[in-house]
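You will see two complexes here that share chain A, one where it goes with chain B and one where it goes with chain C.
After this line comes the complex of A and B, so read on.
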């Protein structure tokens, strides 16, 4: 496959453009998609770039089809991905569920927009519940919530590898702001950073006969005849997801050692939280910063440890949604007695000022 | 430099987003931390278009902001739409040719500045370079990028047009210069 980026180079571009370049650099073979704001330019740039590098693209008739074509492509051994947002993310839950059930290495980039329904075409963090636990499954998903363009680039690369290594559907959870804003980043070839891209492999149509027992049959199933069969599969996959979780979990933590209040946020809001913590510290308020990078699996132990070592009395959860990160966090750290405070600003941006004001009002 | 936040607003087709993009590129080329984000709601289909630009030496936090250091309103409607981005530290700029009610202007501003950008473009240059005059004004008001860096960014963006018609280069650079001068003068003067 033709090398996309020979030497590391700085770039100033939108998050959508970044995602397309990262998929190229990751060696993605094909994208399937259906247009929806604010992710359109991922498709737009991919369709411009892909033919130059011998990669494929198909616009399907809707998001359900886009998701299922990715499910098909990865079974044939192609590194395939899709991107969507809002109502498109809702429609894709069925194929995402299939990817969970059949352990398909699917990668989806989600650029959250306002909801419910068509909401706004702009921005939110309201697709957290949908992306982490959507569908009729058990949430066997790997979800990276990015905050910068550099992270979009880094985690698309990492996401493809996670999908193919662990065989759980993997999500890069961005938002409309990250999609549409321009900011600097560095693009690189993964191999030059010592990142080995996992070789993809067909999941079906393998060589060798199963009748003569040359190999085990591939049993990729999304429906079972017996309750007990499904039960065994769900237990097995749940156990596997649990056992690999510790090596997947990622988080950021700053100044929690002596924090009296820990500010918890994810994605683009964590940038404002970081600024807020610095400003509060400068004013003598001992604030700490905690950010789950993986929303699934959630850095539960790490957050519990941060709470324990700080002895903080309060945990402030700030999000551009009405409690989606809050509910996720609450279930993960069940039993902690720290008082949970909330700053819910669904569908609008949060700046440091908002967080600082909230902290002062409760401190 | 400390963080500078600029909101640029106008009608679709005025080139608000193009100018914002050129300014942001120029700042990036000077190795500064830069974020540029357009508003891209449904108002882009026939409403006021706003560009949010932030430039700093340090890492920049949230992509949008509540209050700007400089607000530039390029249409009468944009004045009312952007007044809330102004506080006591804001330079609020609009075209002196606009018919604007005092109630539309921000109640708080460091300075409210009326610039004859449209008139100057129409009479001295060409209506098409109105947005470049505004770009010059942004630089005159904020110094977020070096003037030469702005010219380079303009060349990068419009070079292919300049190649076909070299007069355009001169026209654009003149517009940039005029806008900068206009803004610098306005800072020296009292409130318009």
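After this line comes the complex of A and C, so read on.
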């Protein structure tokens, strides 16, 4: 496959453009997509760049189809992905469920917009619950919540590898702000950074002849006749998900050692939290910073440890949603007695001032 | 013991035989014809068979071909994804009238419009068999089902979907569109062969609707079953090739 980026280079571009370049650099073979704001430009850049590198694209009739065509393409052994947002993310829960049930290495980039329903086309963090636990399954998903364009680039590459290594559907959870704003980043070829892209392989359409008995036919199952059959599959996959979780979990933690209040946030809001912690520290308030990068699996042990070592009395959860990160966190660290405070600003941006004001009002 | 056993297609997967369809169901005939054609065209090693949910799902391990199960109505996009990713494979989507004409109708319509190089076989038995015999898009006027217990009233629920007729309207000339019936085996086999040949030659979309029987949900005996198929269904749904890039009587 043709190398996309020969030498590392600085770039100044939107998050959507970044995502398209990262998918190219990851060796993605084909994208299936359907227009919805604010992810459109991922398709726009992909459709211009992909033909130069012999990669494919299809605009499907809807997001259901985009998700299922990805399911088919990855079954046939190709590195395929999609991108969506809001109501499109809702429709894609059906194919995402198939990817969970059949352990398909699907990658989806989600650029969150306001909700519920059509909400706004702009920004939110309201697709956390949907992206982590959507569908009629058990949440066997890998969800990376990015905060910068550099992370969009890095985690798209990492996400393809996670999907193909662990065979659980993998999500890059961004938002409309990250999608549309421009900022600097460094683009690179993964191999030059020592990142080996995992070789893809087919689940159906394998090499070797069935008719000459070189191999058995592959019959991929997704619906079971007996309760006990499904039960065994669910227990097996749950155990596998649990066992690989420690090596997938990622988080950021700063200044929690002596923190009296820990500010917990994810995605782009964590940038405001970082600024807020610095400002609060300058004012003599011992604030700490904790950010789950993976929302699934969640850095539960690491957050518990941060709370324990700091002896913090309060945990402030700040998010551009009405409690989706809060509920996720609460269930993950069940039993902790730290008082939880919340700053919910659904569908609007959060800046350092918002967090500083909230901290001062409760401190 | 039979003196002469009926020939079994080589492409059938014998560990899953006898199959699990109800006595009198037409699926076995359709799958026999498909097996014969896979053998004849020697495409077993590169065929991907995808099946919908519903009675068609019982065919998921029917062939010694690689296969995949999908979701209700979603076989079409899965097969499109496979074909787009690996054009050298022969993709056969197998579905019922509910999956193709109702819950997955947007996929069928748009795959046809895009002239996707896949072959879809849709089995029309005028009802939802697996879920217990509800009204399907193809249920005939006056026909009793679990959700039309007094007979389908077209004033309330419209007229039966004529799939091949509408597919023929939205496809270019190199698509293949036909309606077959399990009552005419040789013709059924010929239509399926043409549909697969059309994909193999890279022409375009290939679609065969097959009129089939469902005595379990129709609550009919053998004679009544055959009467409903040949006299009612085949009267309402004309059998034949609607679009054939190989010309009339393509063999």
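The rule is simple: the second predicted complex is superposed on the first by the 350 of 363 C-alpha atoms of A that agree within 3 Å, B and C clash if a C-alpha of one lies under 4 Å from a C-alpha of the other, contacts with A are read in each partner's own complex, and residues count from 1 in each chain.
Criterion: a residue touches a chain if its C-beta (ideal position, glycine included) is under 8 Å from a C-beta of that chain, and two chains touch if they have at least 3 such contacts.
Values in this document were obtained by computation on a predicted structure and should not be read as measured data.
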| Joint occupancy of chain A by chain B and chain C, clash or fit | fit
| message | For A:37, using the defined touch cut-off, is the partner it touches chain B, chain C, both, or neither? Pick first, second, both or neither. | response | first
| task | Using the touch definition from the top, say if A:120 reaches chain B (first), chain C (second), both or neither. | result | first
| note | Between chain B and chain C, the one with more contact residues on chain A is chain C
| task | Identify the partner contact of A:272: answer first if only chain B is touched, second if only chain C is, both if each is, neither if none is. | result | first
| task | Identify the partner contact of A:209: answer first if only chain B is touched, second if only chain C is, both if each is, neither if none is. | result | second
| request: May I ask you to decide whether A:12 touches chain B, chain C, both, or neither, giving the answer as first, second, both or neither? | output: first
| Partner chain(s) touched by A:180 [first = chain B, second = chain C, both, neither] | first
| said: Looking at A:351 after the superposition, I want to know if it touches chain B, chain C, both of them or none. Which is it: first, second, both, neither? | reply: first
| Counting only touches as set out at the top, which of chain B and chain C does A:73 meet: first, second, both, neither? | second
| request: Go through the superposed model and pick first if A:223 touches only chain B, second if only chain C, both, or neither. | output: second
| Closest Cα approach, chain C to chain B, once both complexes are overlaid on chain A (Å) | 28
| Partner chain B, residues of chain A touching it in the complex | 12, 37-38, 120-122, 176-178, 180-184, 268-269, 271-272, 274-275, 349-353
| message | For a test of understanding, state which residues of chain C touch chain A in their complex under the given definition. | response | 10, 13, 44-46, 48, 50, 53, 57, 60-61, 63-71, 74, 76-86, 89, 106-107, 109-110
| For the complex, which residues does chain A have touching chain C? | 29-30, 32, 56, 58, 60-62, 64-66, 68-73, 75-78, 80, 94-95, 98, 102, 202-206, 209-211, 217-223
| remark: So, in the complex, the side of chain B touching chain A is made of residues 21, 24-25, 28, 33-42, 60-66
